[in-house]
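In the two complexes that follow, chain A is the common piece, with chain B as its partner first and chain C second.
On to the complex of A and B.
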């Protein structure tokens, strides 16, 4: 029996573990990649988003400084009682070395989004061009079914908008205005959040997500939502930041 | 063509006349009868108005202050008492529709006397449910988009559409029953039944198709919803019939007594079935994922244990079952008390279903500090008042119905209609 801690160390070592569930919630996506997305080619044909926006989170780089959250609040007018993105904290008292890790959370922009299926009025929808799960705020009736449907707790009810609000990779506030990065990715001082385009083979995220050497995973893979936010670790020594 | 049009016109005119004749014969008389009644009638009426009044006050201030402030809902548990109450009412409505159809749609004679009242109360309860639901939706007017941009893969959409159709056919059925036009009544009843069951299983599927929520996910929910609806319907019909006779100061006649006994038997059968549902829910849950186990534990020895074990199972099922069996369904008063217990149990059944499904945070499994505990929720006074208001609406509408439709409810004026001809 591998204990949870040992398994995690495994991942940290960068060993490829196929289909191992760590802490009940993670699944290495590396050699599972084909399984999850059929083949890369087929995947890109099936989800013809261009650009196919995605985010890669280099989890061990996150130092919980909260700059991303601040930037998000400012950019998207997020009220104090809600959040579009947050940093979760994991504490393992038996861990060797560092006992804490921080997990940035945001909407996974799922390829198979349960929230979109659940909404009776199509107030939330999968953007056909970019693959971002967006909101028609003016349509939302406030039934909160999408909140129940989301397996990632990514949605909250915004009183001021009288509608559900959620992360849209800053599409409304930045991307649609020609800016290249969501506010959080731009604000992150350690470059833990890498924003990219899965339809572009030269993109950094594309290259990391499609390599086999280092573990890349998604949260709650068992739910089958096919998230577009990936997690990995990065070697702090290697300073290949953009 | 012209002929059928004319025939139709005559038919409608006939219908209007006979509604006028039989029901709205004399407005004065009706108003008089609304204002006359025994102690129980006035007591219930005043209670009903107080409930609706309080609900109105709290409801309006909840709208003003914003639901986030007024209700105890959170990001992790966005559904609470109002949704549970809504489900409770629509479950009861569907149940009443199913139970009433046994008699006048499927022609089982013993069930015929209860039919008209059951149909009426079924309309009343679904209205009560919708009124409560309105206070949960932040922007009910945006529902127009369910027509402009419908999402046909959404269970909520189907539930709304099917309940809408259900309501229309229930009202038609009721009108035909009043008109003594049993054939169209039976057909409307059958149509309403089909829509009602589809709507209701869709409501179950709203929960059953949330694949991020282990406690709800699976085909169990739609089936469970239908089974529990029948139990709800039986309890409701006993309660409302008993009260109907009480407020009109009459003794339950032989025919009605027989009918209620049959309803009681059906209720006992449904309790037996539902207990198996509950047992298997617990047993399958205990070998499931960690999240599901945690949810089940919250029902067995956690914060929902009292609700589940004591109210839902003991008070709502086991005690009524014993009462029913012991009295051999003969004692009308005991049947009434058993039904009251059942209805209380069923209300908690809804509440538990909604809340236990949300007790384990969706991100619990990734072992982060933020989601290590269970989600807590307690209804606020606003939610409680609005829910009670729903009950108030049901009570007032029922009482007025008893006065206005006194004749048809008893089945006296129209006789206990042998519907056999419909099925010939």
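On to the complex of A and C.
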């Protein structure tokens, strides 16, 4: 019989253990920017990847034209039943002014990826150099555990490959061949998707993510995945972009 | 009994409010959904005509052709020229209406919005929004009539607004001008439609039959 006191002690112990394990993990930018600004210089040194690929999505720019999805399908041979990137839609009937909102979605390339932890055969892994969550397609047994584990629904089962497929920032198809941008970022007509390197202080993404004037957020911060895809809004006119 | 009276009075109230509501509204063409250069942008006639009370001739045909989707064939129909004050940008400049530089998703409904819509441009029959009564020009027995009903096979933009504005105006329509090939004479020249020499077809108060009925 466990007394109430004992149970409390046990829970406390559990909390300290998880706290230690999270604190011991690698650090990266999180949705909580106060922490970032508490030790900016220190933090910059601790970016574990070089280049630290990241994407910034200027959400109010998205018009759901579908060019990114078309480009992705073409580049990565994505079948019709799945997607590597998609656009979510929200309609608020009683909103003032614009009643519609589009949210582009792709793999968040989490720094704390639940899919990697869930995979029983280590078929999916966090790339040590670039921080991209990639796949060993030949290792995948198709158990779909990672699909269940992913809080962003960013994975699908590819029948032709008989493996799970997911967004890898076009690493296999473009970045590794010397191209600078993933297909979606290149195709976007309103420049809603900005692709960049978070380890480079001169990068546009770095400059936007590390400022405080404008809100920058990540999707589902409560699950603690520490995504590398950030969301913000843009006041600059589309026609001003190069 | 009391319940019945209340119920009926409610019914009458609803009927009349619905009737007056419908009476104040114009029947308008359906939503126009542009698919070029990007998919897709919605234009709602309902909002512009019945909510904002904008007259047809403010846009047609100086800014927009009356033929649906004719505009998107233009190469410069894009955000750049809109920002410079062309097309929608004539009003949507931040002064008259919200600027085209803001609130992208207010008009852009995207691929999914396009798939959700029934794709076909719904244009009601001309008869539903043209004037019901014949238009009258001139006075007394020399009055001439123009009936939209009889011209129902002709597309709106054959006359509006190249020859006639949407708004009813007599202006300088004279028989001389018509015989010189202006106004009605553009078609009524004996080649496309009956010649303007046939006075009594339009000036029908002069016809014998009508004179009889007027006397009786």
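By our rule, the second predicted complex is superposed on the first by the 192 of 242 C-alpha atoms of A that agree within 3 Å, B and C clash if a C-alpha of one lies under 4 Å from a C-alpha of the other, contacts with A are read in each partner's own complex, and residues count from 1 in each chain.
Heads up, the rule we're going with is that a residue touches a chain if its C-beta (ideal position, glycine included) is under 8 Å from a C-beta of that chain, and two chains touch if they have at least 3 such contacts.
Fair warning: this is a prediction, and the values are worked out from it, not measured in the lab.
> Which partner chains sit in contact with A:190 here, chain B, chain C, both or neither? Use first/second/both/neither.
So A:190 only meets chain C here.
> Touching A:64, do we find chain B (first), chain C (second), both, or neither?
second
> After the superposition on A, what does A:89 contact: first (chain B), second (chain C), both or neither?
Both: A:89 reaches chain B and chain C.
> Who does A:97 touch here: chain B (first), chain C (second), both, or neither?
In the superposition, A:97 touches chain C alone.
> When the two structures are laid over each other on chain A, which of chain B and chain C touches more residues of chain A?
The partner making contact with more of chain A's residues is B.
> Once the two structures are superposed, pull the chain A residues common to the chain B and chain C interfaces.
89
> Looking at the complex, which residues from chain C come into contact with chain A?
38-39, 79-80, 83, 98, 101, 103-106, 108-113
> Can you name the residues of chain A that touch chain C in the complex?
Counting only chain A, the residues touching chain C are 60-67, 87, 89, 97-102, 189-190, 237-239.
> In their shared complex, at which residues does chain B touch chain A?
Spelled out, the residues of chain B in touch with chain A are 66-68, 73, 75-76, 78-79, 136-140, 142-143, 145-146, 149-151, 153-157, 160, 206, 209-213, 290, 358, 361-363, 365-371.
> Which stretch or stretches of chain A touch chain B in the complex?
4, 23-26, 81-82, 86, 88-92, 103, 105, 114, 117-123, 138-145, 147-153, 155-157, 159, 162-163, 219-220, 223-225
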